[in-house]
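Okay, got some structures for you below.
You will see two complexes here that share chain A, one where it goes with chain B and one where it goes with chain C.
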Partner chain A sequence: MDKLIRVNDEPLPWEEKLNINRILELKNYTFKMLVIKVNGKLVKKDQYDKFFIPPGADIKVIHLISGG
Partner chain B sequence: MRDIKSVFFSHHDPDLLPAIRKAVIGIAGAGGLGSNVAFTLARVGIGTLIIADHDSVDITNLNRQQYFLDQVGDVKVEALKINLKRINPFSEYIMHNVEINENNIPTLFDRAQILIEAFDRAEMKKMLIETWTAHYPQRPIIVASGLAGFGKSEKIHIRQFENLFVVGDEESELKPKISPMAPRVGIVANMQANLALELIIKKKR
Partner chain C sequence: MIDITIDNKKITVEEGTTILDAARKLNISIPTLCYRPTVEAYGACRLCVVDINDGKGTRMVTSCNYPIKSTLDINTKSTRVLKTRTMLLELMLSRWPNVNFIKRFAAQYGVTKPRFTHPRVDYSTNACILCGLCVSACSEIMWEDIIGFAGRGEDRRVVMPFEKHYDPCIGCSACANICPTGAIRLVDDPNHPADPQRIARYGTRVSNEVALLDHEQCRMREVGTAHLTEIMNDYDLLPTCNYKFGSHANAGQLASNVFYDNFFTKGVPDGCWLGCSMACAKAVENYQLKTGPYRGQKVLVDGPEYETVAGCGANIGIFNPEFVLECNFYCDTYGIDTISFGTATAFTMECYENGILNKNRTGGLELYFGNEQAAMELLHQMGSGKGFGVIVGQGIRRMKTYFAGTYDLNPEQIRFMQDIGMECKGLEYSEYVTKESLAMQGGYGLALKGAQHDEAWLIFMDMVNNQIPSFADKAEALHYFPMFRTWFGLVGLCKLPWNDIEPADNAETDEPAKVPKHVEGYVNYFSGMTGREIDKKELILMSERVYNFQRVFNFRLGFGTREHDRIPYRSAGPVTDEEYESRAERYDKQLLEKWHWDIKGKSTSQKREYLRKMREKDYQSLCDAVYKRRGWDENGVPTIAKIRELKIDFPDVVAILEKYYRKKPD
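Let's turn to the complex of A and B:
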């Protein structure tokens, strides 16, 4: 069974023990100031290595840029 | 003769006015984004605006912020309140001259049904999103990200993530020591205000 997840609407293969840090690495996201939502719920930075992504998850990575 | 208040609102859409006059909107920051959002929402006639900032008006702010030369040195929220009342004295402006942090956000903005993020620094934007979402998951927050430079108006968009809305191009980074410029700050601020208005009237998006 193909267990894809979606990161900013792009498909990515799911794997065991996939955490947020690994996703940022796979996607080459190097921005510092991010807000991340997994299935609509906000995941804070101190959870990036502990929070395991469930198969089929919808992940949104929002990049916050200074200026206002 | 009609009183000045009813004349002021006589060209507002009467179908929309009750929701507009009842609305309470929070604005976190009174700089480039916040002062522009506030000007627009005061003209719209939003019933109550709650605005917090701890800065004073600096002459370098005048390139994009809704203050005047004779207000340089004044406390921003006090100067802004004067300016808003000169446009529309019929709304309530609750001003807080404080530095916003994760502890005082729920107190300052408890009455706000929508919060508009109007900070400069990205880490403050993130703090505001995390604090607001934790306290008020059902209430929308409208954030700005990516407004530096000029032109490229068509790149500015809105993305929605449940009750989190992001307005901006999500890519333009500031150059060190260079301010955003009035046109793009104004566009983003007015898109934030327009979205808040839409949410107040339609209740969802």
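Let's turn to the complex of A and C:
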């Protein structure tokens, strides 16, 4: 059975060496003002390529508001 | 990545990192006087000198502006370095003996009394030490060149042109705020704030954030809100062909880099609000018009910003940046709102493609999506009060009535017009696709002025983040954000510096979507200006009073009750089979998972109709929740208890509301 993670409450297959940048790419999250938490813990921008997602992780990619 | 050593400590840094930044990462202190991260370092004071050895020999460089490009061995405390800094400080102290922080720095290097007296000694405690930060702030942060250096050597000094008062200076105070000695001070503030220092303190924070962070956040200084075009397209939110779709293969032709690379005037203040470092209102100079009464003339186009790109571009199926510029110019010249023009034209185009309009009815205009010539001719007709433009110029609400009353339309066509006419309370929708965000449908439908997003923009919170799943969550957002954003209108401040730039540590706050540190800033601007202490709760209360007054005005103008908060179905879901099928996987999944409705064997039309039933029901439930949260009754009327709580229960207000209560209030 594939291992899953959840990104903003939606399931996504887990893969080896899955980092934050890869998640943003898979979800096509191109907006820059993000707050990202993995299992409730904040991951800072300079860690997006170094932080590897564990299987079963609950990830929140909070898009802030801008424009208008 | 490059390996270096600083004072025998090893560190790996990215190429281009300055020695000063690398040293700070190792907690190695290097003195600086003219360095600020918000402006470009230029090594004027030379206090930050260090010795570097690149394997070929040792030399002294200024660390603040030396980018690391190869392996280096750096010594920040060599005898030569310390001697150089000591001499520099002795020279400075000889010229400015009473400037506190020079005295302090000099004392750290054992200099308390210089051995000589400078011929131009200045005994002032607020002497200008020629660090140049003011000149850099004016030029780099404000994009002005009000002040600069004149003279050389001992005669070097900061001046305005010809050493006279220079009218373009509006006293933005960027120079005064960055000046380390107080040599520049704002002496005449016509607004007479109660506490100018308090306002400067919080205002400078935002200016610093813009200088340091904007390039990696929204790029407002480069492209303004036009950066949203590609973002909205990526998230399926860019209205395309009258909001049928949220993205288009050609959207890249309208992306912000197209305007930046080919059109925008760069590096000058925008004139929107002098002294605003965000400077997000963009302009295009020397644009040569192709049509209309000014054809052939070169003009300045004030924009475009995102709404204009989306409204006068994607939403009418046109992906030509020059068309958007032409529209932008003529809308401004004729006094026509670009959003209303775009949305109303998109409506007529869909009517044209569906047989509600034809060449006879439009006076020969072939208004299919993407027809640049017809759209531009329509704009000129609207501006000159001629032809079909006279009808379109009245807006979608009146067009619907006019078409239904004038042409031989069947009930299905009339219903179709109601579904695709993107207006609420008579105001055309601004440029966001709201089908997948119930909260944003409420953001438009429950906005008091009509379908505008400036009360609440909740699409990311709702649709992308899934942060506000319940009706109560959405209602809370549709209470807080409209109240907060109304406050900008009350005090006459721009909303953009609230959340189009964010503090570096905003992510670490409890409620990043509210940008708590900027809310704190607004509280302090208010108190600093008026001398009256408030807190963030009172800020919301101020708005809530006015917001409820505005609702009362809605009633006076005939728009207050529930039926006027209804939205066209295009705002809530797919009107046509074509739309449903374009996102069939999404809608099918929702029918199955959210509403547990068996889609097997069902036609697209059947699925679309069921989806509609569910989504329209959800919208009404949202209205119930929002009315309750706002203290309004089930018909959207502020209750007597609410207006009493807000202390706005004046007899004439009560008299208006009483006409609308279905049940007599207790």
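By our rule, the second predicted complex is superposed on the first by the 64 of 68 C-alpha atoms of A that agree within 3 Å, B and C clash if a C-alpha of one lies under 4 Å from a C-alpha of the other, contacts with A are read in each partner's own complex, and residues count from 1 in each chain.
In the analysis below, a contact is a pair of C-beta atoms (placed from the backbone, for glycine too) under 8 Å apart; a residue touches a chain by one contact, two chains touch by 3 or more.
On a predicted model such as this, the values are computed, not experimentally measured, just so you know.
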Contacts of A:30 with chain B and chain C, given as first, second, both or neither: second
Touching partner for A:66 - first (chain B), second (chain C), both, neither: both
Touching partner for A:4 - first (chain B), second (chain C), both, neither: neither
Of chain C and chain B, partner touching more chain A residues: C
Partner chain in contact with A:40 - chain B first, chain C second, else both or neither: first
Chain A positions touched by chain B in one structure and by chain C in the second: 32-35, 42, 44, 60, 62-68
Complex contact set, residues of chain A against chain B: 32-35, 37, 40, 42, 44, 60, 62-68
Residues of chain C touching chain A in the complex: 216-218, 225, 228, 230-231, 234-235, 306-307, 430, 453-454, 457-458, 460-461, 464-467, 469, 495, 499-500, 502, 506-508, 512-513, 515
Residues of chain A touching chain C in the complex: 8-10, 28-36, 42, 44, 60-68
In the complex, chain B residues that touch chain A: 29, 31-34, 118-123, 125-126, 129-130, 133-134, 143-148, 159, 161-162, 164, 166, 168, 170-174, 180, 185
